[in-house]
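For clarity, chains are labelled A, B, C and D in written order, and residue numbers in each chain start from 1.
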Amino acid sequence: MKEWRYWVAEQRGTLLACGIFLLMFAIYTSNHPAGFTANVVETAANKGVLLAFVAMAQTLVVITAGIDLSVGMIFVLTNCVASALVVGTPMQTALGILAVLVVGVLCGALNGAIVIYGRLQPIVATIATGAVFFGIALLIRPFPGGSVNEDLADTLTGKIFGVVPASLVLLLVIVLLVWVPFRRSVLGRGAYAAGSAEAAAYMSGVPIRRAKFAAYMLSGLLAAFGGLFLTFFTYTGEAAYASGNAYTLFSIAAVVIGGVSLYGGRGSAIGAIFGALAFRTIGDLLFVFDLGALWQPLFQGVILLVAVSLGAFGLFRIRNRLEWFL
Amino acid sequence: MSDMASHGRAGYLPGFLRRADPAVLTAFACIVVLLFLGSLYSRNFLSPEYLLQQLKVASFLGVIATGMMLVVLLGQIDLSVPWTITAGAMMACAAAAYGPVGTALAMPFGILCGVLIGLVNGIGVAYLRIPSMIITLATNAVVQGLMVVYTGGSSPQDTATPAMRYVATGSILPGVPNAVIVWALVGIAMVFLLTRTGFGRTIYGIGNRERAAYLSGINTRRVVLIAFAMCGGLAAFGGVLLAGYASKAAQSMGDAYLLPSIAAVVLGGTSILGGRGSYLGTVAGVILITLLQSILSVMQMPEAGRQIIYGIVIVAMLLLYGRTPASR
Amino acid sequence: MDDAVPLLRMEGISKRYGGVKALEKADLSVNAGSIHAILGENGAGKSTLIKILSGVVGPDEGRILLDGREVTFASPAAANQAGIVCVFQELSLVPELSVADNIVISDPPQRFGMIDHKAQRRIAEEALARAGAADIHPRALVKDLPLSRRQIVEIAKALARKPRILILDEATSALTAADVAKVFDVCKRLRSEGLALLYISHRMNEIRELADECTVFRNGHNVASYRAGTRSDDEVIEMMIGRQYSHVFPAKPDSGSASKSAPVLEARSLSWAGRLHDISLTLHPGEVVGLGGLDGQGQRELLLAFFGVLRGLGGQVLIDGKTVSIDSPAAARAAGIGMALIPEDRKTEGLMLPMTVRENLSFASLDRITKAGIVDRDQEQELIDDMVRLLAIKTAGLDIPVGALSGGNQQKVVIAKWLMRQPRIILLNDPTRGIDVGTKQEIYQLLRKLADTGAAILFYSTDYDELIGCCDRVLVLYDGAVRRELVGAEITEHALIASALNIEAEGQSAMQEVNA
Amino acid sequence: DPEIVSGPAAQADCFVPWSADTQFFKYPKKEGPYRIALANGYIANTWRIQMVQTAKAYAAQPDVAAKLKEFKVVSTGEDVPAQISAINNFIDSGYDAIVTDAQNPTAFGAVIKRAKKAGVVLVAFDNTLDTKDAINVNVDQKGLGTLWGDWLVKYLPEGGKVLEVRGVAGTSVDTDRHAGVQEALKASGKDFKITEVMGKWDDGVAQKAAADVIATNGPFDGITAQGGDTGVVQAMIDAKHPFVPFAGETENGFRKFCHEYAEQGLKCTSAGSGPAQVAVAIKVAIAALEGETVPQELKLPLAVASYPDLKEGQDYFPSESNNFFVGNSFPTCGINFSAQEIMGQSKEDQ
């Protein structure tokens, strides 16, 4: 095999997700009454980036062969915290942002501690911590409200030079500052190894607990970036139970569309970002196709079903039935 | 050590006792502790009326969790439970609009709809090898779409039939709600299925290692398909009961059952990775969750506190007995 | 040398797993610059000993002295630090990572706190070359490699860690002669570099060739240590199994007597996915037919093809002279066909480890022991009793997890679960891998007994001795095709190796005759 | 930008300002026909489905249809950002007015700015927006709570134990209604002991919560519930709880019960916000585009029906589903849909 083939094989999931997204986005913008304009892209980007953060957060945990059903609640909780703290002078705002991120990291650390050191199954552990996070969010914000530094918010949700959505730039920066270093670090590799074959990794002397713990903490951090950005986008905080759960489920869908294996050890946060953008575009398609209002949820459901079934096409190429069970 | 053929008879304990692990016992102990704590707040928590009422409410979750347990034993999960419940309820009520025949067939029809949803899940998981977490998420969205279209598109009949009401709220044995009897029957059937039938063995086998089960000549895909269909049917049955209980079907009725049904199964000691768990544990888990929710609700705890305590109690109980073994 | 402090001493090591004493007051002493073989039956405690040595599990009692100083290892990483590196019996590679990632996994080269891919690649290439596997691409994913290649990667990974003590726990069990030879070269080179090697294997010839010192384990305790070459094989085996040991292989019937009956299984021009080419063969009741050749030449695929696992098969399969299409193991085991497959990897393909011995034994026969879907427990018990007796399965009970049995007994459970169906055609995929000599012998005898009662057996083995000792005929595969058929006295080590390597030799003309 | 003018509004019977200090808007007159969009959020409950159906029916009425070039509906689910983005998209696509049932009252600041800049009329109803820059149409949620509280005070002159079944925690609708109930009971000066549970506007949840609390804290002298009322009554029946005065919403099932058990003590007031308020919202949007004066906050009358005046065929429909909100007309605005008409209409429609 040529070198580039190995690269393509490694990136297959990501490339596929990227392809799906580009196709869907092309369909969307070419049918949009306003067309492919900076405003339309900005709107789509803002909405997509939010989910992209949560999906990245989910990815980190999924890579370790875990799942985080509390990720949406961390997102909601940090949104509520941000709506209380990220205001005032630039200094206060900066400290507020720091506090929000710390809250996210702490939530992730709590999950990690319970799963890794408490040895509980991630699914149930995070169902439970999700309830706790939501409860705290509700304490902070019994009703929707609060505020945020609007100048900063407008900058980050607006356009740079009137063209490039600032949200995409922000996302890129976070990817470069958080994901890439993690991916290329020993701990990052450890997280993959633990997700792929924990016992083997342990026997090989990989620091799997530390690696998984780091993954959970960074997951909390990324979810907090999501919560922060939600606050910039909405100017407020809200302890919304339904949307917390919705983001959790969306993030799982995004991660899968993004080529991240739910069995752990395979996939990348970049893929999950494209998965998130593609998932969001499913919703946007409602806007350009003239569907009866009552048919819209069904339409979204069917597209989602098709998108997640795409991976199944590979199945027909399988010629050894034992490969079903990998 | 010599050949141990003679040991055979010792294995003749009833299945549920043989499998009764410390987790199940601890779960039941937790129930007692919860009741005790509740009784400190109000003596009424120990009254027979309250306990029967709890059992009745628990039986809806119980029926739903039964199906969930089946797929969890396979190492899978069913996230389509919320709208499967709703679809079961709505379709049962819808059938009642079609004269006496419709009324008579309402319950089976509702359950059948759940089975169909389960079949779609099962095909996705077993034949298309899509991770269950994701295919069931998608079918949930599709069923939601169908129900929204149904509710808005044709004048819906959403009143439960008298039979549904009777099954959910009547009592054929004095003092014992029918719903509890229904759950008991479902539970007995499930215990029998899991411990005495070949199908039950293959469920555990597949949950442990599907590859080995397949190479043993088991049609594992069919078993997975059937398990999902049963899970769908049981969720829909839960919906039918709920509709009977509330005497009507409503869109959001399934939302409150997804996470509790998973939590109940796991609190009962069933491994979320599949292959290990007993029905008795699920019973304990269901009662635990139901009691916990009820006690927090009645204690006038504000929602925020209720969520926090709910989460902490679940983690605490799991730390008590739900930990995976240490690797060293 | 004897009065010098040994590089490693283990003293009074004990370890229990629940009620099982895996080790009891075991001692071991290893010198630098030597290869030390550990021998013993399945379940003798060999793996447990080295797991303790390499920090995977902690001992209940006893101490480890390295250079005369007492050490304790809290983790494999700690043992690595001290220069102890182990190639485990259960592979410790991470399938989703690349070969290079795996080779450097315990201590990747770093620059600015991040993994240095260039350096990692260099290390990997070097280690692969030292292990004699320069053909493996460092970027290939481990999960895409066949088992034999993985074992080589595992060895390369161990070498990259620059060990002082290198432990190979059945590291060659899935390797063919050619690969084994390469590994031996490596071992010998390392010895000359002053390393200590601990070598565990059930293959006597390997130990004969390689070892300087030997320690024999039985029932969790070291029963003897001796310099290599000072004991005969039979003596060693008797130490291991603690009883008299004679003929390994049962006598074969007159060659050709079986092939006079009508074939039960026949393949005509089977081909599949570019991995099997135009394979034709016949299998008669009462025959043991071997599949030979280098590992990975299509033998496994051929067995899977018969067993209904492969899709898109070309050619025909005939049972009792009638064409059949078998599309699943369920169809293969059905009445009228009656096939059984003892799979390659008992842990993932043969058994459900956490389930009980009972459940595993009857798992393939559930259809036979259920009436209206309900398990008939009395009938189940009877069948299980028969099988436990027939195969002399050693277990502390039928209701303990099968995973608690030793490897050899696990393998017996796999075989028993299929014999319970009384199959007419038995396909075996390297069934004695990692099995001690005593158990192997029992299996050979069993196979012959089954053949004598009319079963047809198709037997793939990576061990040439086995093919020679057991088989009436051997089909040697090369690149997915039958290269040569050896019958009766033609089955010699020389012929097997020559045709496996596809060497132009005197075999060539004979082969053409066969094909004609 | 709308000009801020003084009242009264055009069509003053319908466009009732919220309070004395409510501002009035006059938008620059635009030529019709108009492109109007409805940006709904959540869709999967009967109230919302009824609302969407009413919107479609209203837009299809000949006199309304004549003024519309396009009427588009999008439901984005419970996710606030998705709804915000939908509105942004409508603005960017040049719609003249956007009507919305907002998932969150405070999150739409940036959208409101953007709509204002683009000269788009933004009307929120039901779940309205905390803003002075868009038009809000709603019933008085707190007033609804007050109405319920007053009803209980009237029937329990000596005070007593009251069960309050609340809605979804954290929503303004729930908080406002709750505050209304509490204040009314407190204002009575009588001794009321209130037990609260969360019913989530859902019959099943409300029924379960009510059954629990009846078993542990019952019996009660009076009950108030927002949403899920049918389930609460069902829980009383199942627990053989005596029938007591009940203040609740407008579900048909609830009203059927109220009728059936009135003589046994289930004396009800049934009041709430009809889904038809969407039609009022559209009506205001058109008026604004036509350059008429409209109030910034518009108060709709509550649809109330109380013991002993519940009329069959008008206030409740025995042969119809339990599951729709009966109060669905605003006669002062000329909006007179019956719920059955709405829920049945689309059969021919599709």
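We take it that a contact is a pair of C-beta atoms (placed from the backbone, for glycine too) under 8 Å apart; a residue touches a chain by one contact, two chains touch by 3 or more.
Model, not experiment: these values are computed from the prediction.
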Under the document's definition of touching, what chains do chain A and chain C have as common neighbours? B
If you tally the C-beta contacts, which comes out ahead, A-B or A-D? A-B
Computed distance of Cα centres, chain B from chain A, in Å: 30
If you average the Cα atoms of chain C and of chain D to get two centres, how far apart are those centres in Å? 72
For chain B and chain D, let me know how many angstrom lie between their CA-based centres, rounded off. 35
When you check chain D against every other chain, which residues touch at least two of them? 43-44, 49, 52-53, 169-170, 346, 350
Multi-partner residues in chain A (2 or more other chains touched) are 138, 142, 199, 202, 293-294, 296-297, 321-322
Give the residues of chain C that touch two or more other chains, as numbers and ranges in rising order. 56, 75, 309, 328, 349
Mind listing each pair of touching chains for me? A-B, A-C, A-D, B-C, B-D
Can you tell me which positions in chain D touch chain B when the two form their complex? 43-46, 49, 52-53, 169-170, 195-198, 200-205, 207-209, 211-213, 215-217, 230-231, 234, 238-239, 253, 321-323, 340, 343-344, 346-347, 350
How about chain C: which of its residues touch chain A in the complex? 56, 75-77, 79-80, 86, 88, 90-98, 101-102, 105-108, 110, 113-115, 137, 139-141, 143, 157, 272-273, 301, 304, 309-312, 328, 349
Within the complex, chain B is touched by chain A residues 67, 69, 114, 118-121, 123-125, 127-136, 138-139, 142, 199, 202, 249, 252-253, 256, 262-263, 293-302, 304-305, 308-309, 311-312, 315, 321-322, 324-325
Residues of chain C touching chain B in the complex: 56-58, 75, 307, 309, 328-330, 332-334, 341, 343, 348-356, 358-359, 362-364, 366-367, 369-370, 373-375, 377, 381, 384-385, 388-389, 392-399, 417
Would you tell me which residues of chain A are touching chain D in their complex? 32-34, 37, 39-40, 43-44, 46-47, 50, 138, 141-146, 150, 153-154, 157, 230, 233-236, 238-243, 246-247, 250, 280, 283-284, 286-287, 290, 292-294, 296-297
